[in-house]
């Protein structure tokens, strides 16, 4: 009967729209940390379709307390089993000097950054004795930075040991991912 | 001459690949804050192509210090002029009770959350007297939550006054955006 | 030989064009009752191709004597075995007050509705002591209305007991069918 | 700003989903009466898209009190200005003898049709002294029948005089519409 | 090796281009006689691709000495085993009166047709005591004409007995083939 | 109104299906004489769509009395103004010796060709003192043959002087047309 | 895990980009010698995709010391096992007289060709007692030339005996390859 | 008339197939020197269609006497006005040591290279006192090599001064061209 086919499609939609309430995980059980840069086709280079993964994106693709919070929630409540980190070349977060960045922020607020709520929804949040430059997280070398983010996540107590953590650098100049430190373009222009 | 066409394409690639070093903004001068849920086609519902916007995504699409940091950097250094917030129905971040979430996290770490570095890259970061439940940011009502995130951003000192901030709720059950509080499905099943 | 292939296509066309004279049923042995609203892609949401089903559509998708007549004919003479009812949200037939509708009709005829042939091809047809408002069939709640239409058909003596009758509400706001009373959008905007 | 484009698409969806509540007519201001036969691609032959017209379909594409009710509602409340009738060749409603049809219905109910509610939702509805065969509406000649349906509608007091009423016969053997009485195939097989 | 694939394609082209010299038959071993009317998609309605059949087309799709010559050659030398005749409705060859046609031809030549070489390449060809009207071959009834052409071919001494001969009438009003005499449109507009 | 668009499409179909009765010419006012060989995409190489031209095809694309008859009818009654002849290389009609062809035909009829009706529908048709080989029309040189067919038509009294007659040879080895005598492949394999 | 799929694509790219350093041969182990003429779709007629073959192209598709050098390198170091030569009709290198070509070159350099470095990167290269016309390599007959190039390669000491060498002539007039000497167009325009 | 369109297509084919004999240049008046590597989509990266350019390809994309010969012919006789050189990263011609290459060649011939005809069609050709390694043309740095090839061509007496010569390096790791020395990937992985 036709209504059986219709019932299946009604049920499939219900599973999609109430996925979180029904404790259905994402399709690949995957959490991605990537930079928010506008040039990174995260889903395409990881082969992901709508529904496949929780994709966290921030400035630099760096591990922050927000990353820890978000990863912990999906790992804890939605059966996520894998983490992939995607950093990239020509990252805006690496091309400026620390003092220029901090100076720019202070110019905007018209005063010291000490007087600003870093998190307006949680004013108690603060960085103690750390500097604003540390909080902003400039980058010296993108391959080293990628390796470091993987280590931060792999070693964190809220990330269970059996979660796989892998990191890649996306090359905006080639449109391809590389493993940290494996820059092909570096060596193939000259004789062995 | 053919080389003129080739030179143009070589230059266009250079502008793309060194966009950040050359202080070129994203194509729409737009920063998006959205939930990392796997069912939200953020680019599609906002009409965005690769290159158009910086898209920040975290658990719940909530304003955190990481959002403030990321938005401040793109507003300050890359001529971004507009912010759009995208929350959504059936958000995993709203369906659990606070005590269940905190209990789950503590089970994972095998102890108190007080002893855990919330940010492994910035161990000084802490939430003072605030509770872990506040840091996790459960949600009671998604429309109210969306309105609140817009307010947090619009009022923050690191967001200049001339930046436009707009919020929408993405309905996973319909595949459409609504403005907060404008739920069509609520009223059209019954007689006026 | 090629003429064998041609003969098959000639015969197939004959079966299509003289289907009713040859007592060939529709391809799914299905009768559909749906609202005539311009926004309902009836064939698409039921997965139907040309040739699959007899689709009855009227104002509101309500059971009338015309529905009974049409269903009885296809069930009796063309081996139809299944009935599906499709109502929908934002139905024009439910948003007006009874007195406004009746008043409007009387304004058009410039007099009492009592003096009007309800069926010009069958002037004897009349509604006895029933009111014009009952004949017009306004709706209070679309989910209840859908359940009621299913019951009218399932219980009617001209519908054999082994005919399956199923009802759905099409949501114009989501483009999906739901079973009566199973409105997803109703609950997923708030915390459990 | 991007949100302006988004706002337009949010508004367009609102207009679509609340079209009836907002008194927005269908896109062509058209009411169609067609047979429910599974072989009639009504939308295709009339050049209609989703949203264009209210399409009423019943057994035979005959004018009934349900047609009058449905047409009156769209004409009265939704600015509909045109009616098109689509009948077709090989109509199931014309190939049987009256007594066979009535006999079949009585066999189903196991008794006289007089004891059956013709409309279970409106039990007061009755056909007075008319016969069941008249209610079932068999057809002798499809071109004459089409002309008759146009006349029933054009002359009815609930159809204002400035409404255009046009009728066509859809040929299932050719896949084309003809005007009533203009059968091309009838004459072009022989010498003038 | 790649040259093996290339050699195959070189050989396939040789077989195509020298097909007649190599005594290769057409792909379906089929000879078609059809009218030259511009509205007949002969290949499409017979399901033929380039290479499949010898298609003879003349005014009316009538058997002439040219048809006999052409059919005999393909049957005799190229293994053709089947003949299909395609006539059609609204044939220009049937709509005129004999005297009008002959009169028109005589007006063109400015004299008697007797003085005209019917075949300029074979001036000895003549029609003896037959009339020009017979030579022009007007048609009274297309279904009878089709049946007659099939008989002319099936009975001719140059057509071996084991050759299949089949005839169809293409309806320009429906875009379909029918067998001679099986006009669907003739009967399905009225009650049985 | 929608019915205006429908009326236009009904009228367009009437013009198509009754084109001959309404004295409507083919779309290009063109008559084509081509060989019936299965490898000649006549419509494609002449840029023709369905409806554009009357296409006569016989064995060899040779002028016969049937060609004269067919051309005269379309020129006289349907406003045709142009004739194109298409012959082709590797024509089956040229590769055999005359005596082999005649011998083969006589073997089929089991006797003399003199006793055979060349045209079964017009038994009076005969070739006088001409030979069967002349009637069969073998070819020595395809370019010369094409030029000859053009001359036969251009000079015939039934073809008015203002009709344009052009001839081409289709090369099955290249898939292109050439003018008679302009064989490119003949000269470009060697040094000037 | 998703990272396994990503790792595979990262490795595949590495194999592609460092193919030569990793001693990976081309995909078909094929070396092609073809003319540089702009009308020769070398890859298409040989059925080659990007990655399949080393394609050497020069004026005339003639064997030179550069061809020997290039073929020797791919045969020696990259496991190439097959050679295909593609010459073509209407080759610019064959249509001029020797003296015209040499005269033209001398006009350009404004003096004797003896004083010109034939290879600016290797000034010691010279042609001894050979003439400039021999070095320029005009062609008398393209089929003979193709056969000769195959022989030069098959017999050369730097080409191992187990390497397959095949030659074809590409016909610009037909868009097809032929084997040397097998010109179809030469014979199929006339009677056998 | 239709034959005018046909004549144009016949003439266009003649111009294509006899382009060299008619002194018609290539469409872009361009000569390209590129490496024969199987991974270089020369036409695609230069935006070329069939018919646009003479594309010379050899091992390494290096200037040889064959390049000089081929370029001189197209510049002298076919109005070519521009030269583009395309070298590439990971070139097989650069990754080996000179002695390994020479040793490999000698192993193939089973003796000294001095006894081998470098050009079997022109045995007088020799490299004087230059070494085989110089003739083989290994590469140390691809960007420098590209610049050198441009200089060799720009400065050669057979290349007129008004010919534009431009060089690019194709990156097999990115699928893009760069100008020599402008390697984007070199610098964008680290902080300024």
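Letters are used for the chains, namely A, B, C, D, E, F, G and H, taken in the order the chains are written, and counting of residues starts over at 1 for each.
Everything that follows uses one rule, which is that a contact is a pair of C-beta atoms (placed from the backbone, for glycine too) under 8 Å apart; a residue touches a chain by one contact, two chains touch by 3 or more.
These figures come from a predicted structure and were not determined experimentally.
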{"item": "Listed chain pair B-D, A-H or A-G that repeats interface B-C [over half of contact pairs the same by residue number]", "value": "A-H"}
{"item": "Of G-H and A-H, whichever chain pair has more C-beta contact pairs", "value": "G-H"}
{"item": "Centroid spacing, where centroids are CA-atom means, of subunit A and subunit D in whole angstrom", "value": "58"}
{"item": "Whole-Å gap separating subunit F and subunit H, where each centre is the average of the chain's CA atoms", "value": "51"}
{"item": "Averaged-CA centre spacing for the pair subunit E and subunit A, given as whole angstrom", "value": "72"}
{"item": "For subunit F, residues that touch 2 or more chains besides their own", "value": "13, 17-18, 21, 53, 89-90, 95-96, 172-173, 176, 184, 188, 192"}
{"item": "Interface residues, subunit B side, partner subunit D - complex", "value": "28, 30, 45-48, 53, 81-82, 84, 164, 166, 168, 176-179, 182, 184, 188, 192"}
{"item": "Parts of subunit F lying in touch with subunit D, wherever the complex brings them together", "value": "1-3, 5-7, 9-10, 13-14, 17-18, 21"}
{"item": "Contact footprint of subunit A on subunit H as seen in their complex", "value": "89-90, 94-97, 138-143, 169, 171-176, 183-186, 188-192"}
{"item": "Subunit H residues touching subunit G - in the complex, by the definition given at the top", "value": "13, 16-21, 26-27, 36-39, 41, 50-59, 62-70, 72-78, 89-93, 95-96, 101, 104-105, 108-110, 116-122, 124-130, 134-137, 148, 152-153, 155-158, 160, 172-173"}
